[in-house]
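Here is the structure we will look at, set down as structure tokens.
By letter and in written order, the chains are A, B, C, D and E; residue numbering begins at 1 in each of them.
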Amino acid sequence: MESVGNLVLYFVVAAIITIFSVMAVTSRKILRSATYLLFVLIGTAILYFQLGYEFLGAVQIAVYAGGILVLFVFSILLTAQPNDKSEKLSSHRKFMGIAAALCGVGVIAYALFSFSGFTCESLSNFMTSENEITMHKIGQALMGTEKFQYLLPFEAISVLLLACIIGSIVVARKR
Amino acid sequence: MDLTIMMYLIPSLIMFACGVYGFITRKNLIAILISLELMLNAVDINFVVFNRFLFPGQMEGMFFTMFAIGIAAAETALAIAIIINIFRAVKSVDIREINKMKF
Amino acid sequence: MILENILIYFVIIPLLMLAGLALCRNMNQIRTVMTVLSTILLGLSVYLCVDFLALRAAGNTDPMLYMASWDWYTPLNIKLALGVDGISVLMIMLSAIIVFAGTFASWKIDPLPKNFFLWFALLSMGVFGFFISIDMFTMFMFYEVALIPMYLLIGVWGTGRKEYSAMKLTLMLMGGSAFLMLGLLGIYWHSAPEGAPLTWNILEIAQNGAIDRSWQMYLFPLTFVGFGVLGAMFPFHTWSPDGHACAPTAVSMLHAGVLMKLGGYGCFRISIFLLPEAANELAWVFIILTGISVVYGAFSACVQTDLKYINAYSSVSHCGMVLFAILMLNTTAMTGAILQMLSHGLMTALFFALIGMIYGRTHTRDIREMGGLMKIMPYLGVCYMIAGFASLGLPGLSGFVAEMTIFFGSFQHTDLFHRAFVIAGTSAIVVTAVYILRVVGKILLGPVQDEHHLQLTDATWYERFSTITLIVCIAGIGCFPNWINETIQQSFAPIIRVIEQAAI
Amino acid sequence: MDYSQFLTMGSELMLLVVFLIVFLFDTFGGAKAREYTSPLALICFSVMTVAMWLLPTNGGEAFSGMYYTSGIITVIKTILNLGVILVILQSVKWIDSEEAKIRRGEFYELMMVTLFGMYFMISARHFLLFIIGLECASLPLAAMVAFNKNQYESHEAAVKYIFTAVFSSAILLLGLSFVYALSGTGSLYFSDLATQVASGENSMLLVLAIAFVIAGFGFKLSLVPFHLWTADTYQGAPTSVTAYLSVISKGSASFAFLVVLAQVFGAAYSQVWEWMLYGLIIITITIGNLFAIRQKNMKRFMAFSSVSQAGYIMLGIISANVIGMTSMVFYILVYIFSNLGAFAVISAIENKTGKIGMDDYNGLHKTNPWLSFAMTLAMFSLAGIPPFAGFFSKILIFNGALESGSVALYVLVLIALINTIISLYYYLLVVKAMWISPEEPVVGEFRSSCYERLGMWLCIAGIVGLGIVSWFYTYIYDASMLDATTFFANLI
Amino acid sequence: MDMTLPLLILVLPITMFLILGLCGMKMSHKLAGTLGTIGMGITAILAYTVAFTYFFSGNPDFVTAEGVRQQFEVFNYDWLAFTPTLIVQLGFLLDPISALMLVVITTISFFVHLYSLGYMHGEKGFQRYYAFLSLFTFSMLGLVVATNIFQMYIFWELVGVSSYLLIGFFYTLPSAVAASKKAFIVTRFADLGFLIGILLLSFFTDTFNFVELTSNPGTTISTLSAGGTFMGCSVVTWALCLIFMGGMGKSAMMPLHIWLPDAMEGPTPVSALIHAATMVVAGVYLIARMFPVYCLDEASMDFIVIIGAITAFYAAVVACAQIDIKRVLAFSTISQIAFMMVSIGAARPELHEGLGYMSGMFHLFTHAMFKALLFLGAGALIHAVHSNNYTDMGGLRKYMPITHWTFLIGCLAIAGIPPFSGFFSKDEMLTAMYDNSMFLGVWMTMVAGLTAFYMFRLYYMIFWWEENPHYKDHKPHDSSWTMSLPLIILAVVSCVSGFIPFGHFVTWNGEPYDIHLKMSVAITSIVVAVVAIALATVLYRKKNDVPAKMANSVKWLWTAANRRFYWDEIYMFVTHKIIFNIICKSIAWFDRHIIDGTMDMFAKVTQKVSYAIRGLQSGSIQTYVLWYFAGAILLGLVVWMMVI
């Protein structure tokens, strides 16, 4: 049995995520879409907090909400044009989109629901103290070379980020 | 009432569906990118939820999400660079105008 | 002894040809290279033949002689394995003769003579390689090596609707070889009993006899159709008329003369030798198809107006006879098939050479626009008649011997089905006479149709050279067939043994 | 914490060193010195390739099984390196041209980085590292695709590429999240997952997960129906980048695909992914061919050709045995030489005249016989005509697929073979344009640069030699034999 | 017997052919002609020597002590081994009929060579002509000395082709080309039957050899009978009738006779040699060769008789209505050969010791002489007036006395007037036929009467009737000695050869016997012949309009006979309209449009599909992604369904 606070939090967050997801993709104004996305991302971060991944939630807010969204906003402003304030969706395309999304997700949902490996236990059962993710553990794992330690991916992603920086510069440079 | 794994997966799925829908229907390249972010985010939630509910003592899912966020950031940066690039070329970010090459 | 591995020279010399041609700078050099090397090839093939007969006469009864083997793709046991029996020797000789004659027939090829001979040499390498290989992989490789130069040879140096024809020919032949490839791979994977190393070597596969019946039933049609396409089997023959009609002279010669033989050769060397049970079981299907080829080709030839089309359909009929005879699965008929291959090879080469020469002068191949050429160019006219007589099976020329051997061999089957098809096949010789005489009557005899033709000249020395070579061979086989016959029959012994075992 | 484990990753480290040399040279070198970036990159890279091949491979795991290297993996990496050398050779002229030379350093850097990603993709034995490698191999490519600033097509190509890439990685990640859910132990190490897949039943989630993983790879390999970006991107990208995409990126992804399918999902082979690949191969080859026959733009044409070639490469995976793996690696090797041979000619002509239409090749032999010759050989090799290498790679890969002896695979090979006829048709169209078409040549006589010529000669040597000299195949075979157990141990 | 001479008989003509064929163009006409004639002369002498040795040397190889003539294989080489047991040999079989044929062929051939020196003088291609004559002689000799049926088939084909070449000698004339083609194709068709017959025969008996086949005919028949029956006839009948079909073709039996009249397009000496004396009797010779086997199968013998009887009558009727003198002779030849066929067909060993066989061969011999005489005479006439039609002749007896008298002798001989040779042979034949059946005898007597009638009609129309006005411009005269000499010699032979005791030389089993004239038959036939001649004399001796009136009164019959009862039209219809236009053209159409069309259709469909699905590559990323997503989901779904 879950505590009421948790339940309320869950429903609020779930509602935020769901509603703003839908709005983000249906809103006609692109800047609003970006804003709704921000709400979704923050909702996700809250979800992470609730699940006990505080560090991850922080990263989510910092990188996504703080970094990526700003990028979005800048790019929206950069590409803003007087005549493209609103876009009309053709009904045909809309139908295709809905059909694809619903059918696809329906199949995925069916697969998930029919999967026997999921527990039906409540969240609180997993939020025990030994499962707590401490910064210490995170730091250890990030810098270690043992099993379930992630030094190599950490180094590798640095190269990826470097490459993306170079790439972005090359692409965005005027000449 | 229990907060089971499914209750967390459903919002994620809806988010993913929205992402797919948005990608297919939106006309603004940036809006499409937003949809993609939704999809990636949904996947991230999946990882975290699975980690918490199925393998609570471990951190694979969490780290995967963490790196995925990094990758997503890199992707977004690059994608936005390219969008700006094409905007310079055609003065538009409307996807309907980016189909000169076909068949 | 330098000639110890004599067979490998049949690949090396065309390679030298390629290398030599690559270095050539002008027409004379090209001619020199081609003449010298094709003469060496011819000489070598004659030497091989004589030496082979001598070895046989000395009592060597191995199924294959001059065996040699080099490892190639060791993980898959692919080897460059060489060896010949009497049939291959004859086929090599045929090829050498036609390459030789073809060189002279394309003495004045234009444009890009160098490239022409490069592809020509590549083609001949494929042909020789095919006949000397006893490893399925190399055999197949050489088979395809021989096919593809056709595209450029027809496409670049051909006439008429050459692009279409070249494409059709290449695609259909390659389509055939697609089936063939699957068949060969299937044979490979079943080539040895459980646990033993798999092999591509034909002799070893036949020895192992490990392919079980149900697989044979799949693989036989694949390989037979694969080779059958090249053998112009109905209904996969339509590349032949168009292809031949558009090809330049030497290419038509080589193609009809040698390349189509690859089909027949492969049919018995692989389809029947390696898959005897299925051959016994399924022969009837292909007898129907080839039987149709024989009659159908002949009837189609009757109404054509283009010389090359006539000849191409006649090839369909004659090559149909080859496959038809092979499917009879007895020594006599199969011997006849080989004789027919030799005969048809020489005769069609002669035909195409002559058609090329006539076309080179009159600039038309439409029989309605020619007439009385015998009066204007008696040499070519006489040669054409000889070729025609060979084709319609005049005794003393090779066609007769071949056809008779086939008929008498085929007639050894006592059931009504075989009999009916044999008799249908024999009727083709009448139709052959009809279309041959029709052509001869139209173009050679009668009054001169076109005043301009009166100024035309008769054959030049190199043209006479190439035609005489072929005529001598045709008459040689026609008059003294028995040594060839015996050589072939001897070579068929292992194959017949396998078939008979399978039939039990 | 044992940092000496990094030494196991010799090839990656060497690549990073080369990357740094180029990076530093380009960043801090003067304007004059930068003229020599191309030769420097070429030389450093060649030296590294030779070193990689010659230095003893201390195969084995590092980072507790997160990274794995062995003989065959070094071989495939070396093969990729060879391809990169060829790509560099043919891109020098373009990248040194006035419009492009300002981005010269970045071009090489991005190329190295993507190659680095591919190395990780191949060597990774943990999905996190794998994903990073994959992204590293595909994201910077988007920047490379957009390299031609003054060409609209280049931008459009980049947009199509990056958006499809991100979408595909979303799908792949979704699939991986399911894999994670199924992992039982919460481990994303390949070895742990393999055990779990072998012990668990084939739930729909697993099927879906595999389907999504395959879809993710399908993007990189351009398998139908995940290939739709290919043609547009190939057409719009700078020719050298197209060449890079079509062979190096595809080659590495194929091998990684084999690793993932055989090592992680090996237990689901005959039940699940054999049939997925079965269907994909058929439609990939067929659709690729059907589209290719209508193309008039050489790069677009090569795009569809490479789609169908990917189908043939997949035959090496579906055979799931040592011969199949050997043949696949060999196929990639041959494919690199053949395809790059074709691209060498395309880019030589494009650099000189800017023409890339198939009609522009009409009568090419009259003005540029050597280019026509090289192109003809490349086309024949791609079509699988002996005695060129393509024939050997094709027949060997078919051969591998038939080992299991199931009739279904025979049918598959038959379909593939019938498709070779269609492919032969369109390859011959190019040959026809060059040799047979009676029109006057559009492209005038010219002499290509020495880099281009060196590249072409290397390709010709490869096309002619790789098949006839069986050493290459045998070498690959020996290397894969050593690793056979690691690769196919879990296969059911 | 030494094999040199027999071998030389064959080698000499083929050598001549090769010399004249290869180097002829370099020689003068005279040299080529002389060479050919001398070569033929030597061959003739050799043949006489061989025949003489065979008949008269008394060598035990040739004749037993009891006087039974033996078959003797002078040499026999293996030529082609179909199977270890079924081997084609080339050899030289000496027996009464082959010796007889050697004499006939070389004699006629020599005379024709000689005659042609004059007749063909100055023609273009003179050397070629002699080369072909040599080739023909070689082939014909090879045919008659064949030791086995396959050798016979080989040379059978070769004579066919020589005949083709000679008929088409004037190859610039379309009619000659057409005639040669027709001759070849019709005989080729017949040879198809022959071939199938040989196939059947050899399959069951496992031999080709005549001696083996005929020395134990009972065994041959019984092995053949093992083949069972097909479509109501036994294999024996099938095989023998099919072999006879070959003979029908060569010997111009109905309905395969249509080529022979047209073959008259060739030079007249050729007609004399090939289409009167030698090649066309090959069919008779073939039956004679196989007679021991044939006579054991009633059905095939009856078949031969029926065909022969109908042909004989038909040809005789048609001959009455022809204008071209060579055609008259041609139909007369058909009729006479049919006579021989009937005679052999009617022969039975139990009847008069196989008299029909002997008489048939006897008639073959005499007919060869007098028909060659008639043809050569006709040649002289044509040479003189430059026309084939008797309407351009008339009253020539004064201008060409030698030709007139020799021609008259020929006519008397063929009409069966004693003491000319034709009487004796025909009389024996009729006797044999009466023995066989009364009806047959009467029927054939009637034909003999018709023969006398049309020959004398011809004779009168040429030499009497009315002088043609053209003679004033161009006076016809007898020819040079080279042409006259053969005429005279052949006339003499025709006068005396009837007295040869033929039964001593040629009988079906080699046992000699004496010929006795059967008076009743002889008198009947003489009466019939005389009446017919008288009728012809009345009608045609002087120019009058009775014949025209008579023809007009039965106009339909006359026209039909003149048009040979429309056989050519029927053949034309069948070959051109049905086979060529309907079958061949439709097959060719089928090939181009259906078979090839299918192949092209594959290509077209591929192109069409390629075009139809191009929308997949719409250029819009969103569509791409839609496909991508759908593909991924479907991939999972479909395989999931399969796994369940």
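One rule holds in what follows: a residue touches a chain if its C-beta (ideal position, glycine included) is under 8 Å from a C-beta of that chain, and two chains touch if they have at least 3 such contacts.
If you're wondering where the values come from, they're calculated on a predicted model, not measured in any experiment.
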item	value
For chain E, the least number of touch steps when starting out from chain A	1
Intersection of contact partners for chain C and chain E	D
Of A-D and A-B, whichever chain pair has more C-beta contact pairs	A-B
Chain whose Cα mean lies nearest the overall Cα mean	C
Farthest chain (mean CA position) relative to chain B	E
From chain C, the most remote chain by mean C-alpha position	A
Chain centre separation (chain A, chain B; CA means) in Å	7
Intercentroid distance (Cα basis), chain E paired with chain B, Å	96
Euclidean distance of C-alpha centroids - chain B vs chain D, Å	27
Distance from chain E to chain D - Cα centre to Cα centre, in angstrom	77
For chain C, residues contacting two or more additional chains	171
Residue numbers of chain D (touch at least two other chains)	128, 132, 135, 139-140, 142-143, 146, 158-160, 163, 167, 174, 178, 181, 187, 204, 207-208, 231-232, 294, 425
Junction residues of chain A, two or more chains touched	93, 96, 100, 104, 107-108, 111-112, 117-118, 148, 150, 153, 157, 160, 164, 167-169, 171
Touch relationships between chains, expressed as pairs	A-B, A-D, A-E, B-D, B-E, C-D, C-E, D-E
Chain E-facing residues of chain C, complex	168, 171-172, 234-235, 237-239, 242, 296, 299-300, 302-304, 331-332, 372, 374-375, 378, 389, 392-396, 400-401, 404-405, 407-409, 411-412, 422-423, 426-427, 429-430, 433-434, 437-438, 441, 444-447, 481-482, 485-486, 489
Chain B - residues contacting chain D, complex	16, 19, 23, 29, 32-33, 36, 39-40, 42-43, 46-47, 50-51, 54-55, 57-58, 60-61, 63-64, 67-68, 71, 74-75, 78-79, 81-83, 85-86, 89-90, 98-103
For the chain D and chain A complex, residues of the former touching the latter	1-3, 5, 16, 62-67, 102-103, 106, 109-110, 113-114, 116-117, 120, 126, 128-129, 132-133, 135-136, 139-140, 142-144, 146-147, 149, 158, 174, 178, 181-182, 184, 187, 189, 203-205, 207-208
Chain E - residues contacting chain C, complex	25, 78-83, 86, 88, 150, 153-155, 157-158, 161, 164, 168, 171-174, 177-178, 181, 184-185, 188-189, 192, 195-196, 199-200, 202-203, 580, 583-585, 587-588, 591, 595-596, 598-600, 603
Chain C - residues contacting chain D, complex	72-76, 78, 112, 137, 140-142, 144-145, 148, 151-152, 155-156, 162-163, 166-167, 170-171, 174-175, 178-179, 181-182, 185-186, 188-190, 218
